[in-house]
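A, B, C, D, E and F are the chain letters, set down in written order, and residue numbers restart from 1 in every chain.
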């Protein structure tokens, strides 16, 4: 039995709230159960130096946790003077996932930066960030289309992500913190709306996992991501 | 006429939402018009090295702006590797203001850290932070009282803050961003419930200000802070 | 009775020594009692990137304390790898105060940087820095006028600063360290030669201060600043 | 046809040279084709602060590339003042992989740090690091066993790693740099001698990858890792 | 002919002013011509962690240049966030030179830190720092002797330093900046009162130097250091 | 008797292996006994900003020790976030020594960077770095000559370096670690093939050294450097 009483293949309640803040070109608060991440997409009409003159844009991401988004207070990275390895790893993952569905030539010479700031953490913050960041990026791109700055939508697919894992010997979908901190295996899966993989990152926390366990986890992830993509589409249709 | 059509002595709508996140001992979202700051108060059962063995506690604060809380995206301080001068100045001000109403001996050997993170900025983020942080600190101290860790409330007064300034030659209360960025004089005032001053920080942005202008500004601040303290009391009474 | 036997409205002996070092365009050693600050004004024929092409200049300041300017040795900021919050706060204050009396358009596309380095500290280092930096800036601007690089003096007023505070329940002028470290209220006031305010920064260290106390402090500050401006003028007339 | 003329399921020539340097408790130069990584395992008789008194040890890793291990010179991380995100991500992966086969209680209160420094890079440096680090760690643990500091070998399995990917639409094993930089999908797989997974990290570089492609890649990885484990065992048997 | 009209074997005018600032245990302003360095010696009753329990003390030094001690303004190291290589090299040299004449056991478990801050630079700042720091250290040790904290003077010799070089093909003593910036060879020599060498650091700036040139430079250095030691003794005798 | 049984004027066995890695324009592994340093010379077709438009190139160097090149593990500088004073001092010395034999005008507007990374340390790493870096730089310059990018060889001399010292009261050549850590005086000498000095850096570790000791040390150094230059020439002739 999962601590949350959910079925093994059951997502937490997802809500995706658009236009959450007023300044960003795209602003989404995504809640996956008690995990809440604010995803703000910003458009800047410039490119990094190494892309200058190449006729293409860039999509990047930054990730942060508010110091008290977690059960005990974490030191503020700005105050410690550097971002930790986990933070850098996560923001690189978010950015790669978003770029997998964007035609950077069609975007033109501009940068989309999606800031994913965790307001409240209860497991799965990096996958919630990806799922929310996609919606924020869509809204930001829409401002470009409406303003006539680009003619064709450079976003050519949908991307969402979920965590799966083996908890008390059973494969489960969408781990919350009590599960995550006791899981034997933890896997983050990023997929597109074609049902194909963009990222698969599985880690044995306790014992190493078998090929059949891996397969069960991927089945669960695929089911969950289908539902998340539906939630994204519903939010964007509002 | 003010851009927001407010009277010169009129505050923006204030809302103070307690228990905004689930982990912090005190968690408050304060909104002053479009300015929204999340104030999380954390209690840690330790003291900084320089206070060890002195039989007293400490109250401190940290301040940050989400990169896209502002009209154009600001670089993330964690990524730039240091907190800017403005950030350090503000968090020092918040902490001093809170300590002005706390008996650190009565708090005992523990630290209260209030994290003030600006979700959306429209002027007056530092004063909103102080007003909200006070409520979060009260909630955090209440957990200590309820748990029997302290017997007497170490908080011996109420503290709130507001900005005032001279906009188009007229003294106005509670500047929003369009006013703030064009003000000739900008003043942040922190007061307690006895009507006395904890901090007064006035800066001439355009021409230097006269003694009578200073007096008008302090009158406005006092009126505004009275209303803010009422809002704090109402929120704490819920 | 004040530790220094001064009257409540009495400044410490001020001396302003120009041409203190040989390389800077303006170089002033200001002594306010035992507080000694070396203020070197440098002119550079360039502007920061964000001012390029705007046809105006900039005035900035940096502040530092020699490690043993104080009673016990402080760590060297260069060695610790960053400037502390207090340092950043002070150098921002000095720079704002100087800019309040300079027409940046008339200065032309160049930067004046005033380095204020505390040789010996006995309270009031930030206000002494402002008072001394003004004189150093005047000397630096004079080199521009003499060289014919600018035709009209961009400095359109005089700026000086002093601290006031409540010590043993009495308002006093120009606190030295023994007073400063025991003051109930500490206020730094920056004014121009028109008797108007450029900055007012008051902090309750002990109990909160009343409106009438604030008024007494401002009266003292005004008296002190008049005398400091006279000392600046005398020094510049030599 | 692969640039190196290898079959799709063919590893590069592997060599594992023990006792490569004279100071480290375990010192291994691993070569996978032209990729050469020096893996030095150090034992320190202390534990990190957060493990003190828990009766267990720790295994960690650091990773670096010599500035000219690559085709064009990379800036030195020590000189830039921080380790990049890729570096932190890799050293976290190496350390997790090693810990998956070590009983930290049986290790006792000491740290094993494996430094993986890339002398020459031609793709697959992180997986070569893991494979080589395992052998260095074994040698380091042997010094403990020989010295009688521990009685039972805390290493309870073998760990090795390899990269697989889709190059020109075909799944291939052990990508070199010309393949890696053009691969559509790149996957790093870490397994133990039981044929189970410790880490699976797959990234779509070009198009997203299908479930059957994932399966082919895992088959290749399993074959390659079996051969690498044989190479490790042969090296350790010398 | 030297720019300063000095003879080739002539020092600049040296002055050593003790008790220059009021807080440090030893405080010396040394002037060698236009080069002025403030040397403050501080005593702290603690030892660095790596010396704890070894029954000995330590002597260290820090060096800094005020930003406008030089002809054109240098960036402030505290603001750039790190000390440059030249700074670190110089402060290591000063500290080694001082330790060469101190019995660290006899000093007891305390640290002497000598801060050498260049007020005005005209060549030879590192050698002036050593010569001045020695006198400041003597004064600091005298406070220990007077306070009865140590019984025997741990300083067992005198140390002074001077620069020599080859300027326009001729060996000269005590280079000022115009000479230093055009010298073909620049050498810093540190000696004790026994006429023996503590440090010799010679660098060919233009052509490599011959053995006979080296010998002439050492002769000049010895003459200069004898005179500097006399100046130190005279200052200490006042 | 020296720990290594060498005669006082005997170098350790030197080997200079060219083309050690495959990417760098010049790549040399130099071994001086058990000290092994990898010297990679890189050419970049750009100049630092301060040399732009001056029609000349630059030669620079970086130095690092692998964390376990030493007897006990040293912290990784990249991880600590800065290069230590010793590292900066050494890389400045290597670069100055190389520049002493290069005509920077003849090099043209390009940078040669020589990375000296210590694989295994047993004393004398900085002098081995200089001797090896010279050979790597020659190979890098040869790629420019072969490619017709420059017509005349900008290297106009040979440079090599060795350490000498006073060990158990006797002057000895080429100290290994057991000697170095017990030497009373340690001197690093850099010379060219004309027998002239480029750098002389002598430090008294125990007692101060006499003029006649200095002379003996220089004699030893000259003998050693002659042999090292022969080894360099032999390596380059292969």
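The definition used in the following text is that a residue touches a chain if its C-beta (ideal position, glycine included) is under 8 Å from a C-beta of that chain, and two chains touch if they have at least 3 such contacts.
Nothing here was measured: the structure is a model prediction, and the numbers come from that model.
Engineer: Could you work out how many touching-chain steps separate chain C from chain D at minimum?
Structural biologist: 3
Engineer: Touching both chain E and chain F, which chains are there?
Structural biologist: none
Engineer: What is the graph distance from chain B to chain F, where chains are linked when they touch?
Structural biologist: The distance in steps between these two chains is 3.
Engineer: For the interface formed by E-F, which of the candidate pairs A-D, A-B or C-E is equivalent, sharing more than half of the contact pairs by residue number?
Structural biologist: Selected from A-D, A-B or C-E as the counterpart of E-F: A-D.
Engineer: Using Cα averages as centroids, what's the distance between chain A and chain C in whole Å?
Structural biologist: 50
Engineer: Rounded to a whole Å, what is the gap between the Cα centroids of chain B and chain C?
Structural biologist: Using C-alpha averages as centres, the distance is 28 Å.
Engineer: Calculate how many whole Å lie between the centre of chain D and the centre of chain F, each centre taken as the average of the chain's C-alpha atoms.
Structural biologist: 33
Engineer: For chain F, jot down the residues that touch at least 2 other chains.
Structural biologist: Correct list: 81-82.
Engineer: From the touch relation defined up front, give the order of chains around the ring, starting at chain A and going on to chain B.
Structural biologist: A, B, C, E, F, D
Engineer: Residues of chain A touching chain D in their complex?
Structural biologist: Result: residues 82, 84-86, 88-89, 91-92, 96, 100, 157, 187, 191-192, 194, 196-204, 207-211, 214, 218 of chain A touch chain D.
Engineer: Contact residues on chain F for chain D in the complex?
Structural biologist: Contacts found on chain F: 21-24, 27, 34, 36, 38, 40, 42, 44, 62, 64, 66-73, 76-79, 81-83, 87, 113, 115, 117, 119-121.
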